[in-house]
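In the two complexes below, chain A is the common chain; its partner is chain B in one and chain C in the other.
Take a look at the complex of A and B:
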């Protein structure tokens, strides 16, 4: 029998923090990330052969609003590292890019081509959680060092690659998305009971649905699903799904539609006054490039960022690493970064750090196994905060974040309301190491078995 | 018309036997002379070639343009994946048999509806029915994995004689390549026999003039249906061979663009020759692999190639090559 606690006590207990992000434009000159990470001079002889990375992301289709940012984050990091001479001061990073929109099967072929024909040293990127479970096993077969920067399904390391050696991933796992949306929704609107769902019909949408529901069951108890709509990923026509949702008269719409799909959805939903008729919580409203959303975007909804990163948080001078990253990204690309940009940027810096640590131990250019040993358990302070790669499952973890949309005179697009950003320590919302595996995910089972029910 | 007619002489000339033997010799030598990547790419091409051969029995020999062959390719692949998921089967021979039987059964069922019509009506019906299977694969999430698809681990070949081993790349680029090559040769020989048999000639008679064929006693409906089933079974064999190569199957291979891809293989190579679809499938696979690898505008590249192909080479790569050879010969 699960214990019962009040909602406020429960949210306090798991470490939910709600508060100001600070001024968004800091003026202090602070140490660069490179200095902050204390680089070590390379030991031994380092070859000057370029270090080849293969970066796969969406360059075409509705998901390109995320993909372009992923590529820009990767390139910015590569340019910065190359400006310092390259990895270990010698090996310049070269990037081969590929369009993830080619489809899962073509992506499998392309990864093989990159490794066997282009001889890439490391594979990075990938956005869709339909693709990482396909590409992960292939990367292991190819013995290709891989750092996925999204494609965050729990399924990757629980089922598709249960004992990873070459494959790592940096974004928070998907289950955190649904749980964060549930925490934000119950914190903001404790009395909601009737819930409608609109999710893309693939693993991400299913996962968001499951984890939101189990978290809501614990946080709210008395919930009722009154409508479900499952548009195909890549859909840009949502009228039928919107009218179905509106007619069900829910208190809350929970939605995990993302990319260009979400932009189309919110614009079409405006015509039906959907946002006036119900509360809305999303996992990825702010997942696209910030400028992809307009001034017509509704305020007050839970605007998810994949539980990963929003460029305004940590803001001001609280976390200089972020202030500098946002400035550098803006100076280079004339736009603000999203979580994909931050993930791809951080991935290269974590790889750089692991290579430096491996070199420091053995000298010379480290082999992949040495780099892997350093990546396992690596803690790195990046723009989004502390990133930790768990050695047992090669998954990166960082504290989760979401917020509420508002229009600000400072930006030509909606941003998080600085007074209402919600952060949660990641350990509070994901299953700990060693927890027995379960269905549909280990985190789902862990929440079901260990979270108390609020009263 | 004589130039465009299908060139399938009843007897194999010694020149053809020699060039065929040379081609087989070259294909057999590929794993030893080419890189694993090239071998794997050719392996994909051979698998697609089997599907294109099956497709061309309808288009080239019976005069029916199917726009739904993704259904049979996908059935072959999904039968294998479901055997793995629910019965834990790992034998490649069982995969092949089940893939052929499963796709033949689906083709038999769909064929009953489709072959009553010709031209655009036939095309639309095949397309519509294939999309039924696609939506089932997409929507039955808990059975088919939805858009995530189903993973298929490395199978055992010949009852364990050719076990998977530790290195998957080595497995695909050697043992599995030869396995596919042998089945490709068997399928090609089988198709050659079919199109040169009285049955094959009857199909060509139907293609050229349905009314006349009916008058000389050919049961048009029945012949078309049998051709449809055979075509589906060949495509299903290709699907079953493709899925261990790819490692997983997703609804993408049941979706209509994949049917378009099979049409593309055949048009690229030339549907009026026996070997056209084989050459087209291998060439298309190279084209797509490199187009995706070298530009994000890969769809544009494929589109331009298709337009140029239709405008300048309506007989495909093989047809054009044969015309050129003929022209050189006449010039001499």
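Take a look at the complex of A and C:
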């Protein structure tokens, strides 16, 4: 029988931190120190052959407003590394790009083509949870070193590639998304019981639905799902879904619609006064490139960032690595980064660090197995905080984050209210190594079996 | 009660858009016996051009004039149609149908890339129009006034197109050509001209559909293919080549989709295909089709 605790005690126990980000946004003062990890001089002879990466993300369609920044983050990191001579001072990074909007089958063919005819050294990127489980096994078969920067479904390393060797993935695991939305919602509005759902009808939406519900069951006790809507991914017409949601009179709408779909959804929902009639929690409202949202975006909703990263946090000079990254990204692209940009940027720097460590041990250009051994268990301080790659499942973890939308005079788009940013240590909301696998995900089972029920 | 009314309006709104797309597709097939796969992207061209012109003019012109600019989307699609028919379709009429399918499917892909080239990968929006009208209260329910504007446009288009085909001299020529192209030609009708006019009219309707939906959904790459698939569902139900069929099919799909979302959320898309399958099984030519 699960123990019972009060909600406040429980949130304290799992380490929920709310608020005070530091100096207000807009004051991007650059601290003097350069990048944290000082480069080690390379050992042995390094070839000057370019290091080829293949980067796949959405360049077209509604998903591009979220995905395209992944490429920009990757290119920014590659340009910075190349400006210092390249990997180990010699190998310049060259990038072949591919449009993920081509569809899963075409994406798998493209990975094969990149590896077999373009001879890429490393494959990176990928946004959709529908694609990583198809690409992962192929990358293993091709023996292609792969660092996915999203496509974060728990399914990838629990079922599709249960014993990864060549495949890694940064950005938080997907179950964290639904759980973070539940924590933010119950913390802000403890009395909600009636929940409505709108999710894209594929693995991501299902995952968000499951994990939000199990976390709410623990955090809130008696919740009741009063409405469900499952639009197709890529839908930009939501009138009937919105009407159904409004008519169910829920206390809270939980929504994992993302990209251009979300932009269309919130604009249409405004006309139905949806945001005046209920509280709203999302997983990816602020997942899109920041400038894709308008001044008409509602304030006060839980504006998810895939539990990963928002450019204002950590703010001020609290974490100079972030201040520097945001400034560099803005100078290069004239826009602010989203979590995909940070993920792709950090992925390339983690690869660089692993290559340097491997070189330090054995000298010369390290083979893939040596790089892999260094990536396993690697800890790296990036713009979003500490990133850790678990050796047992090759999944990257960092503390989860979400926040509440507000309109600030400093930006032409909505941002997180700096006083109400919520962060949670990732170990508090994700199944630990060695926990027996379960359905629909191990984290779901772990929450169900080990979290107390609040009273 | 207010929910019921809102959902009826939502269904009519969706049906209006579908009718604008499907009527053109059906008209072109009825007259020319061509299944125009490129039709979806003529709809998308309407959306892109309207978003582009409205975006350019939004700071200069009063919002009421911006509504007039929606017409630019329809005209651009019509112009594209007037160029495509003589250049790409005319040489293929004497060939097997497979050639026409390949050609129009090729055009679908080419137009997609042309739009990407011209307007880039990101969605274009011009929500100023829907923002300007705001929301109105209908029996206690809040409803976007712009959606009602779209329903009115859809209804006017249905009446106008019907009057055009059944009440005008050109309509008689159109129907004569569709029934027997050789006989019409023998009687002195310039079939070439009828073809290009019919194709242009079909594209105009699609472009208008794209233009009026754009302030709500934006202009997005891929919208053409999605719309094409739904338009095929509509004409399969209504009967390919029939205007009444396009109207009834659009209404059926509009209402069934809303019902599906409300009561069978998990199988929202499957419901539509199921209806199409049932119609194909019971009446293979569609409800109003000529077998």
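By our rule, the second predicted complex is superposed on the first by the 443 of 455 C-alpha atoms of A that agree within 3 Å, B and C clash if a C-alpha of one lies under 4 Å from a C-alpha of the other, contacts with A are read in each partner's own complex, and residues count from 1 in each chain.
Operating definition for what follows: a contact is a pair of C-beta atoms (placed from the backbone, for glycine too) under 8 Å apart; a residue touches a chain by one contact, two chains touch by 3 or more.
In this text the structure is predicted, and so the values were computed from the model without any measurement.
Enquirer: Does chain B (first) or chain C (second) touch A:105, or do both, or does neither?
Expert: Touch partner of A:105: chain B, not chain C.
Enquirer: For A:42 in the superposed arrangement: first (chain B), second (chain C), both or neither?
Expert: Neither partner.
Enquirer: Contacts for A:178 in the overlay, against chain B (first) and chain C (second): which applies, first, second, both or neither?
Expert: The answer is neither, since A:178 touches no partner chain.
Enquirer: Scan A:382 for contacts with chain B and chain C and give back first, second, both or neither.
Expert: Neither partner.
Enquirer: Name the contact category of A:73: first (chain B only), second (chain C only), both, or neither.
Expert: A:73: touches no partner chain.
Enquirer: Using the touch definition from the top, say if A:241 reaches chain B (first), chain C (second), both or neither.
Expert: It touches chain C, and chain B stays clear.
Enquirer: If we overlay the two complexes on their shared chain A, which of chain B and chain C does A:134 touch? Say first, second, both or neither.
Expert: It touches chain B, and chain C stays clear.
Enquirer: Figure out whether A:231 sits in contact with chain B (first) or chain C (second), or with both, or with neither.
Expert: Second partner only.
Enquirer: Look at A:62 in the shared chain and tell me whether it touches chain B only, chain C only, both, or neither; answer first, second, both or neither.
Expert: A:62: touches chain C, not chain B.
Enquirer: Of all the chain A residues, which ones make contact with chain B and with chain C?
Expert: 59-60, 201, 232
Enquirer: With touch defined as at the start, can you tell me which chain B residues reach chain A in the complex?
Expert: Listed in rising order, the residues are 35-38, 40-41, 44, 138-139, 141, 146-149, 151, 167-169, 246-248, 250, 252-253, 288-289, 292-293, 296, 298-299.
Enquirer: Flag every residue of chain A that touches chain B in the complex, lowest number first.
Expert: 59-60, 96-99, 102-106, 108-110, 112-114, 116-118, 129-130, 133-134, 137-138, 141-142, 153, 155, 160, 201-203, 206, 232-233
Enquirer: Provide the residue numbers of chain C that touch chain A in the complex, in ascending order.
Expert: Listed in rising order, the residues of chain C that touch chain A are 2-3, 6-7, 10-11, 13-14, 116, 121-123, 125, 127, 130-131, 134-135, 142-144, 146-147, 213, 216-218, 220-223, 226, 257-258, 261-262, 265-266, 268-269.
Enquirer: Per the contact definition, I'd like the list of chain A residues that touch chain C in the complex.
Expert: Interface residues on chain A, with respect to chain C: 59-62, 64-65, 68, 101, 201, 228-232, 234, 236-237, 239-241, 243-244, 246-247, 260, 263-264, 267-268, 271-273, 296.
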